[in-house]
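A, B, C, D and E label the chains in the order they appear, each numbered from 1.
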Amino acid sequence: EALKIGVVPGAYADAVGVAAEEAKAQGLEIEVIEFSDWNTPNLALDAKDIDVNFFQHQPFMENTEAEKGYDFSVVAPGILQNFGFFSLKHKSLDEIPEGGSVAVANDPVNQGRGLLLLQKAGLITLKEGVGYKGTLDDITANPKNLKFTEVEGPQLVHVTPDVDLAQGYPHFIVASGAFDPTSGLIYSGVEDKIFNVSFVSRAGEENDPRIQQFVSLFHSSQAVKDQIHESFAGSDKLYVLAWLLK
Amino acid sequence: MSPQMIDRLIGAFLDTLLMVSASAGIALLAGIPLAVFLVTSGPGGFFPAPRLNRALGALVNGFRAVPFIVLLVALIPFTRLVTGTTIGVWAAVVPLSISATPFFARIAEVSLREVDPGLVEAAQSIGASRWHIVRHVLLPEALPGIIGGFTITVVSMIGASAMAGAVGAGGLGDVAIRYGYQRFDTTVMVAVIVILVALVSVVQVTGDRAVRRLRAR
Amino acid sequence: MRFQGLGKTYVSSAGEVQALQGINLDIEPGEIFGIIGRSGAGKSSLLRSINRLERPSEGRVLVDGEDIAGLGEAELIRLRRRIGMIFQHFNLLAAKTVRENVALPLRIAGVPQDEARARVAEVLRLVGLEGKEDTYPSRLSGGQKQRVGIARALVMRPEILLCDEATSALDPETTLSILRLLRDINRRLGLTIVLITHEMSVIREICHRVVVLEHGRIAETGPVWQVFAQPQHAATQALLAPLTRALPEDLSARLRDRAEPGDWQVIELPFTGEAAPDLAVLAQGVRLVQAQVDPIDGHAVGRLVLLAPPELDPASLSPNARRLGHVATND
Amino acid sequence: MRFQGLGKTYVSSAGEVQALQGINLDIEPGEIFGIIGRSGAGKSSLLRSINRLERPSEGRVLVDGEDIAGLGEAELIRLRRRIGMIFQHFNLLAAKTVRENVALPLRIAGVPQDEARARVAEVLRLVGLEGKEDTYPSRLSGGQKQRVGIARALVMRPEILLCDEATSALDPETTLSILRLLRDINRRLGLTIVLITHEMSVIREICHRVVVLEHGRIAETGPVWQVFAQPQHAATQALLAPLTRALPEDLSARLRDRAEPGDWQVIELPFTGEAAPDLAVLAQGVRLVQAQVDPIDGHAVGRLVLLAPPELDPASLSPNARRLGHVATND
Amino acid sequence: MSPQMIDRLIGAFLDTLLMVSASAGIALLAGIPLAVFLVTSGPGGFFPAPRLNRALGALVNGFRAVPFIVLLVALIPFTRLVTGTTIGVWAAVVPLSISATPFFARIAEVSLREVDPGLVEAAQSIGASRWHIVRHVLLPEALPGIIGGFTITVVSMIGASAMAGAVGAGGLGDVAIRYGYQRFDTTVMVAVIVILVALVSVVQVTGDRAVRRLRAR
């Protein structure tokens, strides 16, 4: 029976696609299902309609588990990307004007991470201890009186010209070709391994031999690595292959 | 475009056809009785049931008010019950038809209301039961409008089926979103849109023809 | 059929319209009953109350002794299947052909296909629509549409037939053949017919009794020959005036009250259906200007208008002869 | 107005219908011209070709000497504003009140509000619709709707008026008053009227000339009194038959060809509008059964039906008197 | 619910009102002429212009065929040109109205086609120009149907505005998706849906009333 892998469109899906081709050549049957939404891949996993998914990092998974009562576990690490904040109007964070407009992601975890990064840049202060779960409601200090707009991931690229500062995901920027993905004013860095996008399965099924076989193929394939490199504009600065981190 | 992409487009086209025709069929079958009931049980109708009419109207409004993606997820338990799965084309057909039915019902309602009350009277005078009136007067006389409305519904569903990607169902609209919107692949997007426009045009022209033929008699 | 204190009030944004009030009337089984009255008098409202297309605001309508207001849906359907109706505005189904329109009552009543086909063909022949069976109503002339309506009402072989201006769009020849058809069915099968018409000749031709409505009330009612011969109510007289036609205009323009030398008299000689005047009196040198005498139910009803020499005494012609005036004769 | 070789063929899924063919006809300005014919004969099609609601399939329609097929949009609009039309099916705008329906032609033509208001009030009064100004058509009776259509056609004071069964839904009294109104406008302002009707009395009352259509062709045309007095074509005779009414049924049932002892003769005495028979002959003991004589344009047209004793020679009454048969008399 | 959330709901409600009413207004103004043109210039219309009719029909089909989210992205340059930005309520109004206009035009088209040709003839016979016929016959006679169709359009736009919200315009649908759907905040979701259903019901009932009043005359 085919191994069903759920993904969402973008660099991660493209990498899985390359791996799936190779796996088929090795006689492992793979079916890749692309979801254009971030809830349904977990829902389908829980419903046993797919066997593994590859679109989320551990905090996102845990959040969903807590909210929906799923029982999942991380099978293996994937890609860790170095997202940042970009501006087409200003050369540095200092130039962001009083009352400037800022576009952040509208999904819970990415927004939380974006806000953490802004806090790191000293632009805002968040409520004590909210961590990556913070929302706009958790901003306790906003000295520059920044105005926030929440926007879907891919759309962030489109709105960047219209705001003073926009959160940005390198692989979207690369795909759009709209501006230089390495021109960010600040990056999240690739140290926090917990945010790597991982393979997730139902708890207790992480040792399914088909999953294991696929993951080890993914980890070892040169074609996969090349595909990922291409998706991130050939810049090592923008991503890290999490499984290689020690 | 790569051969894979061409395969993918063909597959997506077939998926769209399947999703849209299945859910349009369901919307047609369920929407017409709903519309008939909304018209005949309302004020001035020949089958007054104000309480039930209001309740059903509210239900229709409820389904119309909920954003599609929310409806889709809320319906998943039901979808699984019906289709046994939460992903794929058939899983998309359930929410698509459930959202298209009230939409089509409202459109059909508008056309049913246009039927000349004199014709209903004529049917009553020959001893037609309510069912006969619906069957022989309301539906046939409103048919051009209903077909026009169904055309609009099918075209709207081609658009709405793009959202089916949320349950991994694919289809043309989803390919347009995934490649055009999320991957910024303009070639694929243009190709998809050309196919979509062609599909919509075929539906529209077929609908228009049918209406014109009915009117010409 | 019996109307007891029937009243009907329409309520609309433009105000209330009292279309009928205090209608008490009996229509006997097997009778051909005419309803006449001015436009807007309430004729259609009265007719439509018989099969409950219009619900009375007051009073009751009894059919076969039963108050139809109290009928349940199934009973009402049963009643309506016994009552055929021809509508003033035809009300044909645009989506069905002539044949399908006419076949609908049979289809609804579950008459077997074979029999239905034969009966439809028969009524279409009776109303002269052979060759138009597969035409849609929008392609018919006004009179053809009306005949489809007639065929649809007849195809169920109703016991009661309600006709709302059923021949208004028909030429005299077709009208006559339809009327003969109705009278024939009435005689053979005892069909009760209630008909509204503005053609007094239709009333005269086939009705037994007639009611005259005026402003929603009954002005007058009775056997046709009586009402037509001696209309009591101003409304009836006004309706019949064009029938007992006015004097020719060139004559009435020259008419004067007092005789001048050489003038002839203009004399009206009524035929009231009772004792007909003796025609021998006409030998007194009179000239016929206008005549309209018709046998209604065996009674000769109408009038002659005569020009008579000045010396003639109108009373010598008949006790109810009347001098209308005097005119100069140029010949 | 002139029709030259006019033909009209309707094409539909059910096949072709040749509604008109080879129509050659002149209608003079200031004339009241009647169109009669059986239902479906092509009357409406002919009328509708005058203001190009129907485009001819063949031939030409000239108005004021100009082929209207060649008119541009602006010219056609100008022409149509000079032509009023009353439709067989009324065609009232359901979304407008009586007043708004009637005012529409004026509004479209840009007539100043004040004048428009006055003219609308005037025509509504003429057709007897005071009090219904703010009613919507769905709330009107059939005759009231028709009168709105008449008012709408008259309000522009057209030079030509096309009437398609304009009084079919009206009672005789209202019909008469509308006809008088039309004749009055015709006389005062030289209005040309082309009218279709099934009421021969309407033709007789106001038309100067008449055309009889049969199966889309002209059967007969001429001055009304001539056509009515001596119909040449079978179609015309059939149309007029109900007018020159049939013998009363009880009489015709008893009629026999050969006389039996004691039988009286049934004699028809026609009035053809030329030399009227001398009434003195009636002194020979005859009885009047039926009479219909009407002055049309000054000519007495019609017939008497008489019962005469067996010994009477019909020729003694008038050269064109005719024996219809014999009956037994019971009195 | 936190006070911030209540503020946010109020703000979102106002945003939705603004987005929907502005774009519905535009769709009404642009859709009716479009529908009239589609009807009158088509086969059997009184203003035949088959070439232009087909071209416009194709354009309408084109806009109808593209999934809303893709249309939204494709329109970004135009939106920026018109409003100077691509975020916020006004930036959402552009794609919303551009997608609602052809939709509404198709719906209005169906109702306009129902107008009795006899009424057009009556208007022609009194010397009405094409414009007069549109103004005094087609539009007023089709009004009940057009209002019914507009009601459907507005309700559909309330749904579509949820997607526009995803690109930074806010509004109720967006709150439902962000808080209710993505953050699994059921309270907020229920609150939003209650407001949405109420809003839809108000629109529907208002539309129905208007139609009923027109029909009652």
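FYI, a residue touches a chain if its C-beta (ideal position, glycine included) is under 8 Å from a C-beta of that chain, and two chains touch if they have at least 3 such contacts.
Because the structure is predicted, anything quoted here is derived from the model rather than measured.
Student: Going by the touch criterion stated earlier, list every chain that contacts chain C and also contacts chain D.
Tutor: Both-contact set = B, E.
Student: Using direct touches as single steps, what is the fewest number of steps from chain B over to chain D?
Tutor: 1
Student: Mind naming the chain pair that shares the most C-beta pairs in contact?
Tutor: Max contact pairs: C-D.
Student: Please name the chain that ends up farthest from chain D once chain centres are defined by their CA atoms averaged.
Tutor: A
Student: Determine the centre-to-centre distance between chain D and chain E, using the mean Cα coordinates as centres, and give it in whole Å.
Tutor: 52
Student: Could you state the distance in Å from the CA-based centre of chain B to that of chain E?
Tutor: Taking the average C-alpha coordinate of chain B and of chain E, the gap between them is 17 Å.
Student: Find the geometric centre of each of chain A and chain B from their Cα atoms only, then give the gap between the two centres in Å, rounded to an integer.
Tutor: 36
Student: Can you list the residues of chain A that touch 2 or more other chains?
Tutor: Within chain A, residues 39 contact more than one other chain.
Student: For chain D, which residues are shared contacts with two or more other chains?
Tutor: 12, 89, 136, 139
Student: Please output the residue numbers of chain B that touch at least 2 other chains, ranges allowed.
Tutor: Each of 69, 73, 177, 181, 216-217 in chain B touches at least two other chains.
Student: Which pairs of chains touch one another in this structure?
Tutor: A-B, A-E, B-C, B-D, B-E, C-D, C-E, D-E
Student: Report the residues of chain C in contact with chain B in the complex, numbered from low to high.
Tutor: Residue positions touching the partner: 51, 53, 73, 77-81, 83-85, 87, 89, 91-96, 104-105, 107-109, 136, 138-139, 152, 156.
Student: Provide the residue numbers of chain A that touch chain E in the complex, in ascending order.
Tutor: 38-39, 64, 67-68, 101, 103, 106-108, 135, 137, 149-152, 155, 158-159, 161-163
Student: What does chain E use to touch chain C in their complex?
Tutor: Residues 216-217.
Student: Can you list the chain B residues touching chain E in their complex?
Tutor: Residue positions touching the partner: 43-44, 57-58, 61-62, 64-70, 73, 103, 106-107, 109-111, 113-114, 144-145, 148-149, 151-152, 155-156, 158-159, 162, 173, 176-177, 180-181, 189, 193, 196-197, 199-201, 204, 211-212, 215-216.
Student: Going by the contact rule set out above, which residues of chain B touch chain A in the complex?
Tutor: Listed in rising order, the residues of chain B that touch chain A are 69, 73, 76, 80, 85-88, 163, 165-168, 170, 174, 177-179, 181-185.
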